[in-house]
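There's a structure below that I have some questions on.
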Amino acid sequence: MQAFTFYASDDKLENRGQALKITGAQVNEAACDLAREVANEGDALVAGGVSQTPSYLSCKSEAEVKAIFKKQMDVFIKKNVDFLIAEYFEHVEEAEWAVQVLKTSGKPVAATLCIGPQGDMHGVSPGDCAVRLVKAGAKIVGVNCHFDPLTCVKTVKMMKAAVEKAGLKAHFIVQPLAYHTPDCNCQGFIDLPEFPFALEPRILTRWDMHQYAREAYNAGIRYIGGCCGFEPYHTRAVAEELAPERGFLPQGSDKHGLWGAGLEMHTKPWVRARAHRDYWEKLRPASGRPQCPSLSTPEGWGVTKGNPELLQHREATTAEEMQQVLDRQKKVKSSV
Amino acid sequence: MQAFTFYASDDKLENRGQALKITGAQVNEAACDLAREVANEGDALVAGGVSQTPSYLSCKSEAEVKAIFKKQMDVFIKKNVDFLIAEYFEHVEEAEWAVQVLKTSGKPVAATLCIGPQGDMHGVSPGDCAVRLVKAGAKIVGVNCHFDPLTCVKTVKMMKAAVEKAGLKAHFIVQPLAYHTPDCNCQGFIDLPEFPFALEPRILTRWDMHQYAREAYNAGIRYIGGCCGFEPYHTRAVAEELAPERGFLPQGSDKHGLWGAGLEMHTKPWVRARAHRDYWEKLRPASGRPQCPSLSTPEGWGVTKGNPELLQHREATTAEEMQQVLDRQKKVKSSV
Amino acid sequence: MQAFTFYASDDKLENRGQALKITGAQVNEAACDLAREVANEGDALVAGGVSQTPSYLSCKSEAEVKAIFKKQMDVFIKKNVDFLIAEYFEHVEEAEWAVQVLKTSGKPVAATLCIGPQGDMHGVSPGDCAVRLVKAGAKIVGVNCHFDPLTCVKTVKMMKAAVEKAGLKAHFIVQPLAYHTPDCNCQGFIDLPEFPFALEPRILTRWDMHQYAREAYNAGIRYIGGCCGFEPYHTRAVAEELAPERGFLPQGSDKHGLWGAGLEMHTKPWVRARAHRDYWEKLRPASGRPQCPSLSTPEGWGVTKGNPELLQHREATTAEEMQQVLDRQKKVKSSV
Amino acid sequence: MQAFTFYASDDKLENRGQALKITGAQVNEAACDLAREVANEGDALVAGGVSQTPSYLSCKSEAEVKAIFKKQMDVFIKKNVDFLIAEYFEHVEEAEWAVQVLKTSGKPVAATLCIGPQGDMHGVSPGDCAVRLVKAGAKIVGVNCHFDPLTCVKTVKMMKAAVEKAGLKAHFIVQPLAYHTPDCNCQGFIDLPEFPFALEPRILTRWDMHQYAREAYNAGIRYIGGCCGFEPYHTRAVAEELAPERGFLPQGSDKHGLWGAGLEMHTKPWVRARAHRDYWEKLRPASGRPQCPSLSTPEGWGVTKGNPELLQHREATTAEEMQQVLDRQKKVKSSV
């Protein structure tokens, strides 16, 4: 049970006109309490997490950035979580800093980057990233967010191969999007024109999830989860695919039957005929949007850490700043 | 606030091996209580509804089918709902029977068919259907389910024109799917190969919902809702589009800003550049599925009321029956 | 063998800055000579044809328009062609005038409209159009150009049903495009954004042609041809499909074998495996253009005969006129 | 002017039941005569070419394969062609052998592989391939066939970078397909399910050709041509794009005007509005095939040189051999 502490650092909570009504510490404490409450319903572990900071993006020093991670970690230690996660980092350097801070707690540390096969924002390969994170002290390494399941599994396989080649040991984790993103560049779905309010046509079916779960398992990944876009039925499909390995079906599975078996009760005969695995596995679902393309061109403004446009500030985005980005958007579009 | 009494008739609850642990009356009573409880949080009305029956499909008599509707209605009267709905009928004849029963309650009656521009399963046009329902006593007529929003608005426009041409008066209702279905025949999304477990690529965006709400309103429809696939954010988008007419924004609207305005706070400049209406209105979202088509061929087995394959029974679907439908599926597919 | 006299009337040859270096009569004479020369290589018939005129579009009188047709016909009579064709008419009225003129020659007259199932530019249905043309004296009626093969066959079927219902007799002709156009409105492919210089992704395969030929034949159409986009291998495919009925294979058929049989000689085993009918019939060919849609929105400016924008003139299009249409294009696009 | 001597070696002319009615030498001689006749109409050069051999694929020795190339070259020398081309090689080793033979003639030698960015069939990178060919004696190196224009330009850029890095000198050549093939693996369009009889939806527009010509020129490639799928209007578009550099427009350019300028004469105002570059450059042409995907999965049987299934023979493919490939096709398909 992961406490909902994502991006809950003070520098993020105060960014771009977001009024800080409560402190980061308050958010982190409440999140830990909630997670523990739910975890106690069963036998789940509780994790607290830190993620990338506006301070790093704005070129603050290693000491400043590490101080932010430490501030969050102090809450997690006080709340005695079971393990720690450094997640959603675009630059391996910042993730290393986070792991270095978190491992001082003595608790197990997991670390995920939000990168794909092309590596981090500065071109460090997935393999090199993984080796650096393990050396920094992470027990579990992998990726989360930004890419679709099969792309993420591919990336973690590259990580695993490099870690093993380096003679190191680690467990592996994957927490992909529930959106198909074959058209992404290194920045992931943030660059897709559909992000974040028109991603619907990309949502995975439950059958896509079966395939994901199987491929992740076969790749030797044992921490298999999900990120943006995952609905409960997606997670259930992952658990159903791995029921043979786990030895039991997930809750709610009895509501529908595996591979559409529940359709045997349907009124219409041609829907009853869909109550089997072969039907759903082979289906190539249509979008119902014939005037839309099947792939987009990611925007690729070429803005990375250190670029003035990525400097963050407490004040709300000004009208002048908005005009600048709109002008640039227009220019980028007309050159595509 | 519509009580969740959909398909809650005893003949449906006992269909095809579905074990009847509680009676239809119990379901209907509990649903009314729940709806009233929630409605009382504000000033909402409560409606109870009946829908098409396996009995009609299995060619039972008018008296038998009407008895089923009456049994449900008796609960609604006992629970004193504010109005009644006859919804999700594929045959206008059965809907007329339902309206005739419901109007004996003295409460206002709304009636919706799950049809598209081609009319009901026996080819009765939307206009003729609407006139018949108004004559039967419905105060509100329209369509629900089976087709996407723009198709449903088109169908209700045909109904409205016919009702007005006949010199009758009625209010109009539309409750479409949240799935794009331009490739449907008269049977709606039931016939699409993706029904019901691979519809994800067809899900509407919130911007599609803005367009739907505006077109429905402009068509003179005033009961504007949604059916399968609607998520709360879809309904919110409908309410946001109609805020000028309603005079206020819906709850939760402050969380995101209209037309993506909240993106002005985003870290990445190219995402901030998407914080405006023009961007989202013009976007043609990609499916991320280049190996899938954009339209499907509906199955069209040509099975309608009276066909032996549509006779319903209490027993679970047998292995032999399953083999028959699988054989037919194989045959239909190879002839496409 | 149809003489290449399409649009070869003086008012068309002088339109919009097209300098008339030779007369329409000269074009028509030369075309007849060429056609006869080729026809004499075998036992083919020669036809001369007239088509719709800028004069009709510019609201000239019946007498003026008929004089244009007569001028062309006089050449055909002088050259003693075997039969006459009135083709590519968007308005049935003008086609009737053409047939009335041509039948005075005493030669058999065929008449084709470039319309689809929605009928002519003024909404006259295909059935009504066909009846009027037969009554005007056409022995063969049907459609050419503007729509894809299956749409054209559908249109001619509507014509045939109406002609038979009216107790009349005629032969039927179909000469479709070799482009897929499911997204057209009544104006046909002229309205598609891809017309005329980006139609490539819509080109039919030879296997599409087999299907077309079979459906046309089954519909009772016996003059089965092609229009824009047809390459010799398309026509050969039509002839190959109908080889059983014709009793012989077309020239060039020995070069490739039927249904890909020639692939048995290919170097690669997986290409040899494609040497059979089932493979090609079931294939759904990809566009290789994932950033393009599968359907377009036809432009639909709503400009028909009588509209000032359709008045034709001898002078070249002026810069001012070009600016007007560009402004309108911009306006239409932004409202989509 | 390239003589049509493609695959005109005796071992190819006798392959798989192809009856050898005339010798390879006769074909090569006649092709040289034809090419010279046409070249003499202007001031064009004549080239004779050799291509990959069934003998290499069937693991014949270097001496045997080189003897085949020499036999063809002897004809070219006798006919005194201006330069020689070694083209369409999937394995760089065989291309090297060809270049080594051809350079003994003393004539300039060009060498093209039919590979993409992944390199030759045995995984040798484009850069390494190019360096080896230049070292073997080729004055011009590059790629032809198998991939679309932009993919080919990308491949030649890799070649150019490697040749320059190695301190060598060469000219560069590109002769791509006129089909979009973004979904290919290393084997190119041979592996696409649409090869060779359903490639129509992939055909490039003339506007795609403008882009290709510009990118090839900008990459420093000066021998810019085309392969399978090129129609004369495609080649004209390449020449039109490069008219500023060449100083003149190609023949036939006056027939249509640049970038659709000729449309200013069109009858319909909305088509006149398309008479400009911006319109055609921005257009994303639809396929008109909504039930087809936009990308395919290449077959990838994994059969390369040395595999028994690639051994060639003089006899026609037997029924048994056909059954084997059909069985394998079925198996491959069901596992996709």
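Letters A, B, C and D mark the chains in the order given here, with residues in each chain numbered from 1 onward.
Please note the rule applied: contacts are C-beta pairs under 8 Å (C-beta built on N, C-alpha and C of every residue); 3 or more make two chains touch, one makes a residue touch a chain.
Just so it is clear, the model here is predicted, and its values are computed rather than measured.
Chemist: On C-alpha atoms alone, could you tell me the rotation angle mapping subunit A onto subunit B? Nearest 5 degrees is fine.
Modeler: 180
Chemist: If you tally contacting C-beta pairs, which comes out ahead, B-D or A-D? Let me know.
Modeler: The greater number of contacts lies at B-D.
Chemist: For subunit A and subunit B, what's the span in angstrom between their mean Cα positions?
Modeler: Measuring from centre to centre gives 35 Å for this pair.
Chemist: Measuring from the mean C-alpha position of subunit A to the mean C-alpha position of subunit D, what distance in angstrom results?
Modeler: Measuring from centre to centre gives 43 Å for this pair.
Chemist: Taking each chain's centre as the mean of its CA atoms, how far is subunit B from subunit D in angstrom?
Modeler: Distance between chain centres: 55 Å.
Chemist: Residues of subunit A that contact two or more other chains, please.
Modeler: Answer for subunit A, listing residues that touch two or more other chains: 183, 284, 286, 290-296.
Chemist: Help me check something: in the complex, which residues belonging to subunit A touch subunit B?
Modeler: Per the stated touch rule, the residues are 15-18, 54, 57, 148, 179-183, 190-207, 260, 263-276, 279-280, 283-296, 299, 301, 303, 309-310, 312, 316-317, 321-322, 324-326, 328-329, 332.
Chemist: Would you pull the subunit B residues touching subunit D in the complex into a rising list?
Modeler: Listed in rising order, the residues of subunit B that touch subunit D are 183, 290-297.
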